[in-house]
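Labels run A, B, C and D following the written order; every chain starts at residue 1.
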Amino acid sequence: MTSIDLNCDLGEGFGAWRLGRDEEAMPLLSSVNIACGFHASDPLTMLRTLRLAKREGVSVGAHPGFHDLVGFGRRQMAQSREEIGADIVYQVGALLGFCRAEGVPLRHVKAHGALYNLAAGDLGVALAIAEAIRAVDASLIMVCLAGSAMTEAARRAGVSYVEEAFADRAYAPDGSLLPRERPGAVIEDAGLVARQVLLMAREGRVRAMDGSEIPIAAETLCVHGDSPGAVSLLRAIRAVLAEEGIAVRAFEARSTRGPALS
Amino acid sequence: MTSIDLNCDLGEGFGAWRLGRDEEAMPLLSSVNIACGFHASDPLTMLRTLRLAKREGVSVGAHPGFHDLVGFGRRQMAQSREEIGADIVYQVGALLGFCRAEGVPLRHVKAHGALYNLAAGDLGVALAIAEAIRAVDASLIMVCLAGSAMTEAARRAGVSYVEEAFADRAYAPDGSLLPRERPGAVIEDAGLVARQVLLMAREGRVRAMDGSEIPIAAETLCVHGDSPGAVSLLRAIRAVLAEEGIAVRAFEARSTRGPALS
Amino acid sequence: MTSIDLNCDLGEGFGAWRLGRDEEAMPLLSSVNIACGFHASDPLTMLRTLRLAKREGVSVGAHPGFHDLVGFGRRQMAQSREEIGADIVYQVGALLGFCRAEGVPLRHVKAHGALYNLAAGDLGVALAIAEAIRAVDASLIMVCLAGSAMTEAARRAGVSYVEEAFADRAYAPDGSLLPRERPGAVIEDAGLVARQVLLMAREGRVRAMDGSEIPIAAETLCVHGDSPGAVSLLRAIRAVLAEEGIAVRAFEARSTRGPALS
Amino acid sequence: MTSIDLNCDLGEGFGAWRLGRDEEAMPLLSSVNIACGFHASDPLTMLRTLRLAKREGVSVGAHPGFHDLVGFGRRQMAQSREEIGADIVYQVGALLGFCRAEGVPLRHVKAHGALYNLAAGDLGVALAIAEAIRAVDASLIMVCLAGSAMTEAARRAGVSYVEEAFADRAYAPDGSLLPRERPGAVIEDAGLVARQVLLMAREGRVRAMDGSEIPIAAETLCVHGDSPGAVSLLRAIRAVLAEEGIAVRAFEARSTRGPALS
C-alpha cells in the first residue's frame, strides 16, 4: 500500500495571541510539529496543542527554534554549536514532559525557521541538532530537508530520520527552497500545490522554477500552518491524494534514503 | 545508621551572569535543586550544573519557579492553577531532557521562591504542583516545607515526598519561616546554623524566635546557595554532623511522615 | 459645544502576532493608548501604531503594564512601588522616543490591565504611577478610573488627569467595574453599549447591574480594542453621539473633577 | 589644555544579578554608557546606575544592544535595518525617560557588543543607528569605532560623533580590533594598557599586534567594565595620564575628524 505523511507546524500562538487555525488543520494531518516556547508558544499552549493532537490521533513531534519570540525564530542568530545543542535538549525535554503527562508518544523533532534553514546548509549545526536529539531519546526521528546537510548529519550521528519536501514552496533547480522573500516562493494556489504534492508523492520529483524536473525523496510533506490558506490547501491535498489512492499516514523511522512512497 | 540530606539551590546564574559558588558548594551537598530557566538559568547553565552534580555524585532535582527572570521568581504572580501546573511540567520536562542526555536520574522537584511560599499556605496551588510532578513521572519525590500545605497536597495527589527544614532561616513559634524582610530571618552565623542543624537532625526540633522549641520532621535540610556565606555554612554543618556521627546522604522517597532520622 | 473623548488600547500585537483591527479602529478614536512592550508590542509595532495614530490625527498616550508578555499584563504581580515607578518611566520613555522621532506629542498615560486594576484600589501603587508620570514630563495627563484611588493619587502628586468610564463594561452598584470573569461583565451588544455611552456622556451617570443609576464623571470613554466587535461598537457609539450632537474630541488636561461634558 | 575622555559600559547587571564593580568604577570615568534593558539591565538597575553617574558627575550615554539577554548582546542577529532602528529608538527613549526623571542630560549613544561590531563594518547598519539617534534627539553624540563605517554613517546622517579607541583591546595592523576569541585580544596587564593609552592620547597612534604603529584618532577611550580588573586598569590609566598632565574630561560633540587631543 502506498502512503505519504502530511506535517504542519501548529501550536504557534503565544499567550493571548493566536496564529493559524489549529482546530481545523489538525484533523487533516498525520504528523504535527509543536512549538516549544522559544520562537512561539508557552506551557499552556503546548498542553492544549498536544491534547488536540491526541484527540485527532496525529503523530507528535517537537518543533524547537531559536530563542527569539519577537522575531518568531526567523532571524538567524550566531550561536555556538554547544548553545544550539543545549537549546534543542531543553525544548524537546519540555515537550517530552507534556507527552508523558498526556500519555502521548513523542516521535520526531523538526527544527524551526532560521535554525532549520541554517542546519540545511551547515553540517556542524545539523550535527549539533542530531546529537541533541539522540541524547534525549535515541528512538526519536529527525525530520530533515530532503537532500540537505541535515540528512548527512542524521546519518553520521546515527539518528533515524525522514526527508521532507514542501507542498507550498517553490524549488530552485538545485533542489533548494526559493528564499521566502523571492516572488513566487510561497505557492498559494491550491491547484498548483495539489499538483506539486502528487508529483512528489507519486514520482519522487518536483518541478523547479525553471521548469526542469528534479528528483526529491520525501517521506513527509509540509504545509505551512501560519499561512491563511493552510486549511484549504490541506483539503485540496487530501482530495487529490484520495483520488489517487495514496493514504495519508505518519512516517516510519528510516535511517537510509529510500523511495518516496512506502 | 543515622543520616540527613543537605540540599541547596544551585545553577542560578543566567547567561553571562553568575550567582553563588557552585563549584565549591556542590561537593558538600547530597541533593541539589537545579533552576530550570524561568526564574534563573538557561539551557547551557542547566547542562553545566547537571554535569557538576554528576561529577560530584549529588542527587538531582528540578527547581521550577515563576516565569519572572527580572524578579528572580521572588515576586508572587496571580496565576491560575492550570498555568502553574503547565509551567511545572514544562520546567521539569526541560531538566529531564538534560538528565536523559547525561544519563543522570532525576529524583525530586522543589518549587522556588514565591511559588514555594505560596504553595506552603495554599492547598490548591500545592495540589497543582503535586499533580504536575506526578504527571511527568510518578516516581519523582516532592520536596515540601515541613508541616505545610505542600505535604498535604503530596499525600492527596499520591506523590512521594520528603519534608524540608531550613538550616539558615529563623522560625516563628507556629513553625512557619520568618519572612525574609524581617530582621534576623536569615541566619548568617555559622555556629548558630550548625546548632540549629544538630537540633533538627538529632531531635527533630527547632528553636523558634521566642525561644520555644517546636517539633519539625525533616528528612532534608536546605542552605541557601545564593548567600555569600553558603560554602562556609555548609562546611560548618558538615563538621558538626561528622562529629555527631550523622551521615550526609540523599533522602529516600517516603510518602508518610516519619521521624527526622532514617 | 459639547464633546467627549473616545479611547482605545491599540498596538497590542507582538512580533508576528496581531491583535485587534487597529487600521479600522484608529480613525474612529480621538485618543489612543499605545502598548509599550511589557505586556504587549515591540519597537517596530510601536512605531507602526504611532504612525497610524499620526496619520489619523488621534491624540497619543502611553499604555504601560506589568512585564508579563505571556500573561498579557492581566496577572497581578507583587512588585514594590519602586519597581512599578521604574517600569512606568521606562515604558513611557520608550514611547516618548518614538514620539520625538515622529514629531508627535505624547499627551497622556494610562496603565494597563492588572496594573490599572491594582492602582484603582491601592493609593500607594497609584501614587507610584502618578509620580513616575510627573517625573518624565509634568505636562502629561494621567487617565484614571473615575472616582478611584488613581484620581486621588493624581491630585496628590500634582499631575493633570482625566477620569475614564468604560463603554463596554458593566458596573457594580458601588461604581466599580464588574470583574471580567463575571457573566455580563463585558457588554457585547452594540445597542446596549450605545445607550450606556449616551447616559455617561449626556448625564454623567451609568446604570449599574442592579438597575440603580449612579453618577460617573468621565471625560473619556474606553472601548476595548482586543474584543472582536470593537470596530462595530465604535461605529455604533459614533452614530449615537453624532445624532445627539456630541462631538468626539481628545480630552483637555484637567486637574479638578468637573462635569462630564466640556 | 590637553584632555581625553574615559568611558566604560556600566549598569550591566540584570535583576538579582550583578556584573562589574560600578560603585568603584564610576568615579574614575568622565563618560558612562548605560545598558538599556535589551542585552542587560532592567528599569530599576538603569535608575540606580543613572543616579550613581549623577552623584559622580559623569557624562551619561545610552548603550543599546541586540535584544538577547541570555547572550548578553554578543551574538549577531540577522535583523532588518528597520528593526535595528526601532530597537535603538526604544532603548534610547527608555533611558531618556530616566534622564528626565533625574534631571540629567543624555549626551551620547554607543551601540553594544555584536551590534557595535556589526555597525563598524556595515554602513547600512551604521546608518540605521545614526538615523535613529538623530530622530530621538538631534543633539545626541554618536560614539563610533575610530575610522570605521560608523563615523562615515554619522557624517552622512548629519549626527555629531566622537571616535573611540580601546584601552584594553589589541589592534590588528589594519586598525580593526582583534576578535575577542583570539589570544591576546583583551589586554589585562595594567602597564601595557597604560602605555597604549598614553600613545593613543598623546600621539594619536596605537601599536598593532605586528609591532607596527598606526594612526588612531580618538576623543574617547574605552575600558571594559565587565572585566575583573577594570577598576585597577582605570586607576593605572588615571595615574599615567595625571603624570603626563592630560586631563580626563567628557568629550565635546564634534562632527569632523580632528586630532586626538582637544
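Keep this in mind: a residue touches a chain if its C-beta (ideal position, glycine included) is under 8 Å from a C-beta of that chain, and two chains touch if they have at least 3 such contacts.
Remember, it's a predicted structure, so these values are computed and weren't measured experimentally.
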Selected pair, greater C-beta contact count between B-C and C-D: C-D
Inter-chain centre distance, subunit B versus subunit C - centres from mean C-alpha coordinates, in Å: 43
Distance from the mean Cα position of subunit D to that of subunit C, given in whole angstrom: 40
For subunit B, residues that touch 2 or more chains besides their own: 42, 70-71, 83
Topology of the chain contact graph, where touching chains are joined (line, ring, star, complete, other): complete
Contact footprint of subunit A on subunit B as seen in their complex: 37, 42-44, 46-47, 82-83, 86-87, 89-98, 100-101, 132, 135-137
Subunit A residues touching subunit C - in the complex, by the definition given at the top: 13-19, 40, 42, 69-72, 74, 226
Contact footprint of subunit C on subunit B as seen in their complex: 67-68, 70-71, 75-79, 83, 114
